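Heads up, there are several structures right after this.
Shared between the two complexes below is chain A, which has chain B as its partner in the first and chain C in the second.
And now, the complex of A and B:
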């Protein structure tokens, strides 16, 4: 019996057990992925002649995307969005909240956690509606609070609005993850650091961070991927005005269903998949170096 | 090893299935013609209490009960349902295209005439004759009441796909009160672009108003093309699609963009309005509020926007304060076909869904919806130009504006080319106007437009120079 067969089932029976799962994964994950790669090689459209007789155009869609200024624009906006709202924003805000709540009274901790969590668990459509109401030009709550009547936040500052929105929306995850990560930092080491008179910054850098490095990387990986693929911006700005908030998922949707260019949009999805894979690989490398 | 063979199995399963992409739907002509009981669905972008509420009301309160009653008299048990929508035109088009592509959708489907070409090329729309038989199509009395130019809205490449719902025409609206303040006549009729600009410059003397609103930019989507670029292009003598070629960075396109530049960099129009998501609605409200001097719009603006009874931006003194004039060509005689004045028209059509189980019955319902009585009932509350001249003669009598459009504008109007390629070309034109409004020169904007058009339709199909 091979050493890997810890359950003692034997290869045949083990395969029979995982077969249903593999079939489901095949039907709902592998098949659509391969299908969209195939469509990405054609000039398939929603209407018009190419919807009946799509031609194989090979890599034309990919090369077309790479020279399409709108694609470049949306790639840049996606980077901005990920960097601003996830990498920097959610990470730092999440950690700060977790760190500050560590020593807080129990009820305060629960209250803040509850509020932050609420932003995370509400359905996207509800949240988007609330934010549109807050940021509206005529009678929006924010304009009333800041006394800035007539400022159309989603039109004049679309990317900043989206970044702040996503910061608000997604911080809960980082906060929860860091809360539990901070529990693994031995209190004795923090005590010692205080005894020798270490400042707040050096305590964080030399005592806390080495313990939670793996958590930081895992958290960053997850929120980066989520944010890069997030479609919620569509509910707030639909990519507008004039493509100024058109992140890649929104761009893909607009190309596929707005313009009907299904082939082109599939090719761009494929590019987005590649970008995701690269990001994941980089993080995994960093994680491995930890050991 | 095992995993690899599983993967290759999945790949092998995927590829033949993937070969099915784009398979056209099968045709089933004249089936179920003699059933005694059937169900039909009507769909349009109209919703009770929402968008195009009057159309929804007419469908549910007039068409369905009357049609069911008429069928019952023949001993046939018909059930008709209305499937309402209240979406943006673009989203509605996506929905209809997906419906038709996946073998579903309502039996009688209302679509914008401009989508017909691409739906037909995709097999998502089929000629009426193929669905119900040529003899059944020709037997309808209604054809003789619809002017051939209007009926052509439902045609593609010489074949008839549906019955137009209505049509429209575009004019220059102006505010007579503001005109009086600027010393301009109440019976204003410019004969060239320069005369429009002259009037706008005089209006600039009136404080706190925008002299002219000429739709521009991508936020206004098709309103920019239809109420801006296309009528102007027609005024330069060459429509956007001419002799099998789309216009690239031609002198005509540059002239049109030049007019935009004169208006928006010369302080004659409000460039910010063009970028707002609700810019067009806002232009309606401002015109109704006596804040805009001249506005290029369709008759929809008169009957559904400013209408003091049920418009979306009611103007109580509409009948006395609003004037209208034909859109002049760039210079007298420089318009398409040597015309002095130009216009553009569009309209929806109703077609029989190729996926329907009851094509004959759907055609009967379609005829009923376009009968004299049904058409008159539809426009009874709010007069509107229908496709039937017998109904127009009766309902437009009391409305000078709509009579003017029907008598003076429709004879000189042009329709958009009903081809799938029109959509990206239109988007490129919108982008070009957005560029000019944002400060680019007409030459730069035209060059970028040329690139976009070549990318969309191929170099061989673009005219330059």
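And now, the complex of A and C:
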């Protein structure tokens, strides 16, 4: 059979090259995903009779979740977390840093980028312990700095702590993305705006933003999904105190391994997946409307 | 409308480069003024300093009666057209033209009205709803000009206004630009590295080198009487002949010929003799430089003939196409009365 592909391998050999990757993706990605959807339809638990003989319960888990106040609470906290730390926080802080560093000296730019990037490349566990140390009630760095001894930040202000933490940790990505996005704005267009006396806000709105609209949407999509699925909050507060910082990934983990309700947790994972899907579709639609 | 007065102006970049070096210049109200020079001579920096996009390191810039040296660009009432036109790709032609009015918070109807009127006078009438990407280079340039003249600025600055157009369009745009400038009567400064463009457009030209003005004058002055060998080399589509000469017995000895000296100089003075190819003609008799025809280059209506003189120097002259001499023949090139220039050997400045 003559080769029909551009590399000239022939279909058989081409398939042989692709097969190992497909098998691995199938085993580690597709199968678990389908499996968890299946489990979500059962009352499978970690221990007890239904761990041996799980029953199919259909959509009971879903309807149960929708009437579970703890699920509602988690959903709300997740939205708060995403909105505060990603959508508003990382986006605006990242853009502001990129915009301000544009005209800065080279060494200053490199220094700030390096520092911000450091927060991003450190492993989550390391960063989480650093922050536990910073926010500690007794001997925490923040209390020493603010002179507020005895304030248990993670207990008294768990969500605010998480949002600030994620802001600190994730801004690097937005900043780097926006730095390179701002390079596509022709300097002569910015100078034209300066010549006619446009203020900072109208320059951003009329000149900069239309050029980087695609970057803004892509960035927002990525950081929204990353933040919505982020498990690092567990390392800081484990969802507490009293579910006050229990975002959906943490809630799912607590349900699955804390309470052992694997079926219920899987059903909620499925709901989270749907939410992510909807967000992604909305962004893609907005992106396509461009031009 | 206003004059521009530049006083001891210097612009130094953070890396220490003096792009503009204690420069004095006065541009009259309504004048069409060219800053001409090779790349890196400081002409663009000077333009940007007038615009306020570069901070002056010393000296002052006044527009009208106001010293604007410390003014933000937006407060100088100066319009500028950039080399790449800097049109906003996401706005229509109409929105682009009206952008300065939008920034000044003029009502929408007034924006529209000004855009229509300006577009009409720059023959952009049917294109108001198009985007810049859908226009030709020449149309884009006219939109940029329309945006610049839509507000009644005191001064119009143009950075290399014709260099992004192809050769054919460039001539058309040149004529258009000159007519537009005369119609509006706005004080206009433009930067170019193309001497033909400067000669064709400007009322006056400043030839710049290394942040300073080497010669300031009308196109005619600059072409006929370059004040030094740098300007002589730079101006003219065929390069000026610059030959070594000596004064002997009150006459000029150059390329094996003896000519009357245009300037009284002591004997044995070494000079550089400058004569444009256009000011030399082939005569059967007369006091001229004799040489052998070595090459002939066709320039269309005329030809550039290169003579090899007895002392080895080369002399270019232009002749009408039908008067081409034969290659290898010996001919005499006679300079036109009063067109021979002498430059000092040391400093290269013209001797009077």
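Here is the rule we go by: the second predicted complex is superposed on the first by the 272 of 291 C-alpha atoms of A that agree within 3 Å, B and C clash if a C-alpha of one lies under 4 Å from a C-alpha of the other, contacts with A are read in each partner's own complex, and residues count from 1 in each chain.
FYI, contacts are C-beta pairs under 8 Å (C-beta built on N, C-alpha and C of every residue); 3 or more make two chains touch, one makes a residue touch a chain.
What you are looking at is a predicted structure, and each value in this text was computed from that prediction instead of being measured.
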Task: In the superposition on chain A, see if there is space for chain B and chain C together, and answer fit or clash.
output: fit
- request: Identify which of chain B and chain C touches the larger number of residues of chain A.
  value: B
Field: Which superposed partner A:189 touches (first chain B, second chain C, both, neither)
entry: second
Message: Quick check for you: in the superposed arrangement, does A:281 touch first (chain B), second (chain C), both or neither?
response: neither
- prompt: When the two structures are overlaid on chain A, which partner does A:198 contact: first (chain B), second (chain C), both, or neither?
  reply: second
- request: Please indicate which partner A:210 is in contact with in the superposed arrangement: first for chain B, second for chain C, both, or neither.
  value: second
- request: Give one of first, second, both or neither to describe whether A:9 is in contact with chain B, with chain C, with both, or with none.
  value: neither
Message: How many degrees, to the nearest 10, separate the directions from chain A's C-alpha centre towards those of chain B and chain C?
response: 160
Query: After the superposition, what is the least C-alpha distance between chain B and chain C in whole angstrom?
result: 39
- line: Interface with chain A, chain B side, in the complex: residues 2, 6-7, 10-11, 13-15, 17-18, 21-22, 24, 90, 94, 97-98, 101, 115, 117-119, 121-124, 217-219, 275-277, 420-421, 423-424, 427, 434, 455
- prompt: Residues of chain A touching chain B in their complex?
  reply: 15, 22, 26, 30-31, 34-35, 38-39, 42, 44-54, 64, 152, 154-155, 240-242, 257-260
Message: Help me check something: in the complex, which residues belonging to chain C touch chain A?
response: 51, 53, 72-75, 78-80, 82-86, 88-91, 99-100, 102-104, 147, 151
- request: Quick one: which bits of chain A touch chain C in the complex? Just the residue numbers, please.
  value: 186, 188-189, 191-199, 202, 206-207, 210-211
